[in-house]
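Reviewing the structure listed below.
Chains here go by letter, A, B, C, D and E, matching the order in which they are written, and residues are numbered from 1 within each.
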């Protein structure tokens, strides 16, 4: 995004074909962690009583997705949708599992761009499978809490799903902070110097906003649905957590709406700054022209070659006319000062 | 559409009178395909246990529509509406069949225009009748899947209807991709060179958007209704597919909304580019006039014909005055540079 | 409307006092038609088993309305509302009859204006009473179908009411077609020549749109209510017809919304055309002034009366200076060409 | 309102402390009317079987309100709210009475201002108490109808309440008519002469509109609530009357919305008139400057003091040059005419 | 807020670490008040039958919040949220208590800024705990009423909670009054003198509005929820009070909406004032240039050095030409007066 945001309307996938699979299996007493590229490695964990989190980085290998679908009896349509990275956040209660997609945002320090990654969660009774477009995510705090025997170890797969969603939504705040900085920066610039570049930046920001809204807005309904679902996978103890994420999502949406209004105001400022600048330019022109055009006319009069022109022959004629012109000029200056133009 | 989009508000039909009828009849084990211009040929398939898809290209022949209506007991009003190509997408559960209309969009490579075609589906328990305005559609993938014994052969008429709708919605993405290209093209142009032609193109695009919205927006409710209907024609196994088409429709609508915002932003850029350009023109005028008008005044002074004007008789007078004028000119240039106008 | 649209907010009625009453009484086997100015003539039809349509043109005679109200036991408030031509479309289920008002639009070929007429329908079990402001309506096709023993003769008063509403809504399409023509006409004009008259026309159209919206928009709910009412007057067989009118109403509303967007776009075009034109004017001024002001300054130099000015005494001085000025002029022209101003 | 509208957000009351109390007590057979400043005078009517209307002009005397509250067992909070004139229209079903507030609008002929007065109704089973800010109201027609033994005398307190509300809503139409006149007046002015005063007037109107909307908009819900309430105070026979007021309220809201759109259009016209005017000014400047600047340059050439300038010595030189300049001038005029500037 | 409003999107807390705890314990007969910094001091009040209000100023000490959470069995998530000052107003019915957050606004006389403070209420059966960001609040009237044995002493914790909310909402009116003053001040300024500073102030106000809306808007739902909740903590007698606060909240929102419209109108005025000013500047330039450029041309003609120029040798030539030029000048002035430019 940023300079060249993509309008994610395509069905096809341009992700890298390299796929990385990580399995974390835990219960209140123990935890183990595996990294593999062979999808079969994670099937044994399917039937354990412990909670299993299978994370798949990269959607390029259709075979892997097909195999997982088979093992965990996921509907073929869902498998297709996992690879449709242009899809909006959505949730569906299905036979034995919940299908949920959302957008992971990451601010790239280097390129000053916001990276949007499509994430799919398959939430089962005792497992969560997460599909990501690329390696690199915002789930490290969740992994740490599992490793360090945090509260998460005492709960089931629903709490794990909550933790993943919460990690993603928490990261929205970080992204928004960066946007906030950019908004403030541009705001200062626009008021002082309404360059075309500044307008370009406002429009880039607006564009970013539009894409963020598209990513975050539907999440509201998704989480509300998850909170109210009667699926046995989501336990009642988890609902308060989901409501908390819900509130955070609304907070993100509110902030985006505010940005939107601020940006609209900035375009107003920009346009009126342009007008102001034109006014200024025209004032300079008008002052100079209005003072000197009449004076030049007077010199023109005494530059005519008539046989007889009064004053011309008078020794002090020149000085008198210069005096008259100075008077006219001063009068003009006073007129402009009175009007507040100078 | 494109250059001269039609506002489809008319009741009358200007379609070609030539009508082409195609019948595809299949079940899990066999499939047959017929092309005819005689509507009676397809009546024998009505009472078979297999799924029958009757496709009618061209709405010009009222007799054919009347006969089909009689054979399949379709309400006379529905038969009238089939020919009202200006109608918005709609769905109705009726005695023994579902009536559904939607818009098929096709991007014409040659004319760079988007063609909107009105499509009506009559979905019965064991048949689907599709009415199109002209020959040429986006259903070939569906035909291929029937011929190649795809999953479709195992399902009933509801899945066939889903497949047809899905084919149409899938094609929206192709149309949107072309729009995306045009948006990007115009965007570059507008920033660099705000010609009147560019504004015309933005308005053409906006107009296309408005018509697309009109075509796609009501589809949302149509498919939602189809998914939630308690008609026995739609089986429960099909609902997940319908929900998938529903999600795609929302995705299309979202993208159109984004385009809409982008176009609104482009008009802002266009107008401010015009202002910028005026500012630039005025700056050039102001700089030239402000430098040379006072200098011309000075030459006017020494062009007057007074008997006595100081300096005139002095040998170096000319050079001194030229020096003074050069100084004034340079001072002006510095003034403008300080203001950032040069 | 058109040139001087009326804001119908008044309670009083300015209709003509002349009242014309037409009675059409029919069943499946026979039909009779009477025209009278004496309201008592139509009371005998009240208690027949056949369907009776009493049409009253002109709301000026309170006595007639009072008498009808008495005969058909219509609530006094409804009788008052019949004469309130400023009322918006509305529907009410009452004891023994349905009260329904809507707006009849007619395009006047001569004055190029859209005439809005307030129509009230009182739908009883075996009769329909229609009140119109003036003589002249869009109901002739309905009368023809009754006379020619059409489908309408087999149905009851509910179908008659439907037919009247349908005739009115069908006429909206004719009105919209005329608006469409005007929109296209103005569109061409605005782009080529942004005169103040064009803006006036856009605003007239916008105004017409606003009044049309006000007339059509509430009709949506009115017909939806009629379709879903549990009043015994509306039979189930009629619902499909009402739903059809409903769809047409939505189609009209959609088209008006599109017009609205198009008109908004036209104002953008108009304003930017004004800006463009100003830019053009300023360019001409700037080019001429920028070329000739410096040259005039040069002539001013050599017009000064100093004792010694280089070149003045030189025989070829004039030609040289003329050459210099030509060079400067050409250079300016090149500069402007490079900037794309010429 | 009008010139200096008040934003009624304050809790405190600035009404006059003088309080006038009027009691009208009636049933189908008799009626009596009292005016007093002593609140105790109206308590005897509380327990009669006839309908009692107590009208209180002036909210300045807290003691009176407290006493009434005690006598009619009104909740202390409601008593507080009666004096909060900034409150929006609202309705509440309470133990034994209905509490309802709305805004009474009156157009002041003298000051050309719209006066907003806060009115509270306490509707009991057999009484209505109305609180007004000041003496002077729109209830005279209701009083007349009571005095003249109108239909109102046959109904209970609910019909009285309806009559009061109806009188207030009916007066909205009068206020709107005045606004309509102002809108039309300003519209003519803006098109012909876009003075700053006209913009000021548009903004005053807009401001009035905003305050009217604030006053009228919530009334919609208030009356809808009243119509649908199951309070025993409102009888079923009254509902049709309430629905009628409801329709009138919607009509007022619709008209205000139309005004709003018209005013928005007028600002467009105003701004484009400004642009047009600038264009015109610039055209005059450009025409004059473009014709005479080049010609002045030519005179400058022949005003130079070179020893040898062609034509100067020729007897007809002057006439030839004058001819050349006339030709150039005419050519310029033709150029401008071709461009449609003259 | 005001000059540098903060976008409260951060999770972290920057409040002062100093924490002040105040306990007020009362019933209908007695009341006691304690101030402490040691959280354990307020636990004894937990199990009394009297109503206890624990107010905590400062959210910096996590330990205190943790201990309170433990003592009053508050969910850990709620404890986390108490410190998230960026959260929007929200309410939640939980096991044994109601969690409610809202924004306390205070206008700072000195800095002319609006201070937003995040307030959390934990409402239990017999206690209310209030958490504030800093010392200093709007609750003094509530404290006074408790001390002075007001109505509040007869009710339970739900009335206390209502009183606190009411105090906060009441203060919104004070804040709005200050905004109103600023709006009026700026309005006068903008019309007379559209400086860039004025636009800046409009934008500051707009920004303040946006933040206020964000703070107040969700409160509507919060109080509506509280009014309709079936939690045993809120008694039926309190609902009428809550409905009153609800009405006040709507009143605040309405006023903010009006401000919003007024500010939008002010930007229109600002921009058109800029245009007006440009028009004025251009008129001055045009008048001067149009009068003097042709005249200067005439002087140029008679300044040419042709051997023979008519009139030059004539003694009265000069006077005649001066007369001609005066005539032209006067004609120009008349022309401009006719156009209404002078």
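In this text, a contact is a pair of C-beta atoms (placed from the backbone, for glycine too) under 8 Å apart; a residue touches a chain by one contact, two chains touch by 3 or more.
It should be emphasised that the depicted structure is a prediction, and the values quoted were computed from it without experimental measurement.
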| item | value |
| --- | --- |
| Copies chain D and chain E touch via same or different residues, half shared test | different |
| Copy-to-copy rotation for chain B and chain C - C-alpha atoms, rounded to a multiple of 5° | 70 |
| Where chain A and chain E are represented by their mean Cα positions, the distance between them in whole Å | 26 |
| Chain C and chain E: spacing of chain centres that average the CA atoms, whole Å | 42 |
| Multi-partner residues of chain E (at least 2 other chains) | 271, 275, 278, 282, 285, 289, 293, 296, 300, 303-305, 309 |
| Topology of the chain contact graph, where touching chains are joined (line, ring, star, complete, other) | ring |
| Ring of chains, enumerated from chain B in the sense that reaches chain C first | B, C, D, E, A |
| Parts of chain A lying in touch with chain B, wherever the complex brings them together | 7, 9-11, 75, 77, 81, 86-88, 90, 92, 94, 196, 199-200, 203, 206-207, 210-211, 214, 267, 270-271, 274-275, 277-278, 281-282, 284-285, 288-289, 292-293, 295-296, 298-300, 302-305, 309, 311-315, 317-318, 321-322 |
| Touching residues on chain B, where the partner in the complex is chain A | 170, 173, 176-177, 180, 191, 240-241, 243-244, 247, 250-252, 254-255, 258, 261-262, 265, 268-269, 271-273, 275-276, 278-279, 282-283, 285-286, 289-290, 293-294, 296-297, 300-301, 303-310, 341 |
